[in-house]
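Next up: some structures, all given as structure tokens.
In the two complexes that follow, chain A is the common piece, with chain B as its partner first and chain C second.
Up next, the complex of A and B:
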């Protein structure tokens, strides 16, 4: 009696769990997984022909769409611009965030009004990218304050001329990304630093280590996992950069550096939703984007992971195994 | 106890799932009621009974003008037979790319619109759709000679010339100029004299330089002359077999004319300003002429030339003009004149289409009635034009219209438009023109602002267009 009750109870517990997680999986399958699979399928399909002529099942075109996409000027520009703008923004973002995080967590400095500063630094991230895009657009348009500065230093010849220059456009985007995200990175890094056992710092200071040494020898190595996390999430976000450059560069108003700040997603959106609605080609570009992002993430993950520690762990395991074998041999 | 737990668990899970579903449901129904709310308001005002037993006519549009027009249709006692039976459900999407996408995908499915409208940029594309009904399918008979030919040609199927859509308006392009500057620099504000000063592009540039010497900009932005030039190309961008063709002579002339104006300081902003704040600001002061058209006169330059606006604040937070603001002395109101300009062209228009679905679900009667009311019937077309100052697609109706427009200092704009509409030629338009217009805009900026060579800039148009038009050769 007791045993049969046990089995029943176990089974029903499982069912309950499934019902609870079902909504997520249903939404995920319908709105994420299926489009994802279709993206891969469409990348190899002549979608338009397939759509018009529904009698035939397959319009498989192999790698054709990949070849066309890769040969295109817009594609090359976009695949150059996006990582360049990401790197331009991410390096200062990480450095400033690291600096602020180590100040805020430093026991010796004890920064006053920390909460206030954290809120201020995090603030740009709360605003929508569109708002920020429009804000900066007003700065750089004729009569905007940056435009006026450029006139007064002689970079722009007259008041009716827009600010030109490849690197200016990219710089603006990189700056906005930096400004929007350094607060967020800082908060994440602070959490990482606070997670370090304080006894390490105590022991180090008793041994006479300087603040600089503490930072390099204790803080930095121990927050490496968290830095890997921000680096990889930022990389993925960076490759999908869209809203800010689109606000700044898509309108006729800023067509001046449209080509210099066109990102991959802007390019994909352009070919998918204008002209002849080349969905298949857009999917091919998306697949390439996915592959590049995946490869870059893996490389970063490999570079950032603590190889010495992993090696040590493997060696330890091997020793234990050998020891066990030896013991077994003895018996 | 265990049973209770189980029941509780199950209920919770169900509630969660249900709340998800209702959340979705709420969304859909609220948008539907948003779209339909105003529509049923329109029919209520005509004293229609319970809306539940009326057949719904699904209307998709890109402009809020459609709702106004349908309200006028419903308010007319003559249409009582239709409004008693049918109810219009309007869904409005004003972002062009989204609207095109919505219409194209809806047309192919079960939820197809019965009646849908198109702007000039994509009317050709809609006319080519399999699910679009022709005028004849809808049972509308027209006398083709009664229309400005281009409004019919524009939405005819490329393969066999079947007439697919009808327009209530024609949109011939003109040049709007400042009478006060004309008097100051050219010595006369008479339309004939101004036309003589810009009858071809050389004279246009000459006049521009004179204006510049007096501190007046000839045009506001680099893209101002685009439509006038692009409408007069000697061939379509794409031939029937999708081969690319560029009328290099016209494009070169356009680029060089604009560059000459830019270099001589005759252009206020060295950027594409159409539909931007800088464009609207230019209308208030400092710029001699704008390339506009029929609807442009009423909906674009009139409200934007005003400096004092006392009306409500719109969704973007800008003040709108109240009726009392439209008076001489406010901004540049009353200081404008109209001439044909260097070359005839057209700009935009609104076309009405019925879908094949309306033939099946029994709403064809209503679709036919609405299209006939605005696009075929002379009296109702004239009444609508008189109400809005718009320009009709039928020359016969246009003949009967005249205006004493205080915005134009008493000039009758219909007289100019009638002449301009005769010369409009849309032979070179294709459904891909929107893509090419954007490409030309970008190439122009590369050439004038970013210092690209003329040959490269012309080649750039093709490269740029090839990205989005996949089967171009």
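Up next, the complex of A and C:
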């Protein structure tokens, strides 16, 4: 037995596994891990962009970059705008996706042409974000489609003036995010709902549960892990929002609401590659972005994870603790 | 008894009416959402066919007689080819879209090939070999999917400048070898598509480990790899931030970079040409999407996509 196992192990050549996975890890270390470590290193120095000053010697400045960056108006604006625009887009995105997913999987409604609707609703997602950004920019500037509507309804008085309003710019970005992503969320949720064991629904309908009850008591709890996944990936992507707001905030509309839609990555890119080319400061902001994303993801993960299960686990722990205490007391 | 039957029937009738009303409502919402998804692209294509004069006076058209204004402001016009000619040949704009498409194909194609091949290789390494660090390293790959990639953009650009890799396609192609979510997807795919007996049969026949992967395993993984290739292609094609920081020479720039230039210069009053440029950049993606939509929707449903 032992000898056959030995020959099998020899035949399998398990050390080859390392050779197969080596290219991935070498590439990851060089192109992603090293820059990540450098980001943390630069954040504590006053290093400037390499191409403007190649002979520089950078100095360790401790937490100074973090202190400067947090005090800046642009930082506060960017770290306010980005999550706000993400939430404004994500709430309708999730609600519409959930609604459509529940309709498309409802056996009583039996929506025909689902394949067609899925293809159409997902289409904006694969389009180039810069193209989408400029397309909507041309819609909102004078003589654009949305601008004309705004004149018709009296929101804009002068046909030559751009549309103004702090929340208008943010609303446009949020709408584009919603428009590009609800189809994707819908398809993921449909897959999740179709993966639920049909016998749950059969049992519920035998017990006389209504469609509404089935949705709240069976569908929603069982697709919660998938919703958590959607929520967290969307949050990570949302904090990195760049292409669309960068296009909308550029050009002639820049003066109108650039500051209202400035996102974190736009701000970081701005301080690193314009003005004083302060790469150190940009890296400090990047580190803050990294930490905020991590903390928010963990909080969401904790909040969205199955509460009943967590409660049971906590109760179990408490019982174990009490038992241990009791035992300790006895001793 | 008779009464009971009647009551039952009328309840049933009400039930059917409710379902029918619901159906009507669902279709209305779906049609409205369909219009919302398509309308921006329709306006884009139609406006690409309008002259600067027509677009600049669209508000005037809009405000005429109610029946006229809507039709006139939405319908296409005759300047489609004039706009195209202006966009592609204007020295003032200097937007070499032909070259841009070639550049985008080179970058997206190269990155896709590398990411799919090496992800399959990595996934195979984890699936077939029971080496000591298998589990912790795979857990590591799962964890790094959650790292926001843009956090490292600035120091990545600094590194590329130090290596003199600017105006070079390697910074967009080589890093594609490490694509954690593709590895994850293909690892899942292998657990259903690949049998270990086949690998062992290959070994008994005396094939090398690498030969087994290339000749026996790759053909089996083709459907899964094709799905991932579609998404890698789209993601890399649409990439804008990094190329915009590293590619300075116009003749090396990609389609999204050229599109970005349509905006915010003094020639931007040529609205017809801008719409034409947007249409030009969107058209190949729409065709690509409509041909492969079946696989793309199935791929999204598998949850293998993360952007």
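The rule is simple: the second predicted complex is superposed on the first by the 285 of 331 C-alpha atoms of A that agree within 3 Å, B and C clash if a C-alpha of one lies under 4 Å from a C-alpha of the other, contacts with A are read in each partner's own complex, and residues count from 1 in each chain.
Keep this in mind: contacts are C-beta pairs under 8 Å (C-beta built on N, C-alpha and C of every residue); 3 or more make two chains touch, one makes a residue touch a chain.
Just so it is clear, the structure is predicted and the values come from calculations on it, not from any experiment.
**Q** With the two complexes overlaid on their shared chain, look at chain A and say whether chain B and chain C clash or fit.
**A** Here the two partners, once superposed via chain A, clash with each other.
**Q** In the superposed arrangement, does chain B or chain C reach more residues of chain A?
**A** C
**Q** On the A-aligned overlay, A:121 touches which partner chain: chain B = first, chain C = second, or both, or neither?
**A** second
**Q** Report for A:34: first if it touches chain B alone, second if chain C alone, otherwise both or neither.
**A** In the superposed model, A:34 contacts chain C only, not chain B.
**Q** Identify the partner contact of A:206: answer first if only chain B is touched, second if only chain C is, both if each is, neither if none is.
**A** neither
**Q** Quick one: is A:111 in contact with chain B, with chain C, with both, or with neither? Answer first, second, both or neither.
**A** A:111 sits against chain C, while chain B stays out of touch.
**Q** Between chain B (first) and chain C (second), which, if any, makes contact with A:188: first, second, both or neither?
**A** The second partner, chain C, only.
**Q** Which partner does A:153 reach: the first (chain B), the second (chain C), both, or neither?
**A** Once the two structures are laid over each other on A, A:153 reaches no partner at all.
**Q** Looking at A:273 after the superposition, I want to know if it touches chain B, chain C, both of them or none. Which is it: first, second, both, neither?
**A** After superposition on chain A, A:273 lies in contact with both partners, chain B and chain C.
**Q** With both complexes superposed on chain A, which partner does A:16 reach: first (chain B), second (chain C), both or neither?
**A** both
**Q** Which partner does A:73 reach: the first (chain B), the second (chain C), both, or neither?
**A** First partner only, chain B.
**Q** Can you tell me which of the listed chain C stretches (5-13, 203-211, 221-229 or 293-301) runs into chain B once everything is aligned on A?
**A** Clashes occur only in 203-211.
**Q** For chain A, what residues appear in both contact lists, the one with chain B and the one with chain C?
**A** 12, 16, 19-20, 23, 27, 51, 142, 251-252, 254, 273
**Q** Quick one: which bits of chain A touch chain C in the complex? Just the residue numbers, please.
**A** Against chain C, chain A makes touches at 11-21, 23-25, 27-28, 31-32, 34-36, 38-39, 42, 49-51, 96, 99-100, 103, 108-109, 111, 113, 115, 117-124, 126-131, 134-139, 142-143, 145, 147-148, 151-152, 159, 179, 183-184, 187-188, 190-191, 226, 229, 232-233, 236-237, 239-240, 242-243, 247, 250-252, 254, 265, 268-269, 272-273, 279, 282-283, 286-287, 289-290, 293, 297.
**Q** Provide the residue numbers of chain C that touch chain A in the complex, in ascending order.
**A** Result: residues 19, 22-23, 26-27, 29-30, 33-34, 36-38, 40, 43-44, 47, 55-59, 62-63, 73, 118-119, 121-122, 124-126, 128-131, 133-134, 137, 141, 144, 146-159, 161-162, 174-175, 177-178, 183, 200, 203, 209, 213, 234, 237-238, 240-241, 245, 255-257, 259-260, 262-265, 268, 271, 274-275, 278, 281-282, 285-286, 288-290, 293, 296-297, 300-303, 305-307 of chain C touch chain A.
**Q** Taking the touch rule as given, give the residues of chain A at its contact with chain B in the complex, in rising order.
**A** Listed in rising order, the residues of chain A that touch chain B are 9, 12, 16, 19-20, 22-23, 27, 48, 51, 68, 72-75, 141-142, 160-162, 164, 251-256, 258-259, 267, 270-271, 273-278, 280-281.
**Q** List the residues on chain B that touch chain A in their complex, please.
**A** Result: residues 2, 6, 9-10, 12-14, 16-17, 20, 97, 101, 104, 108, 223, 267-276, 278, 432, 434-435, 438, 441-442, 445-446, 449-450, 463-471 of chain B touch chain A.
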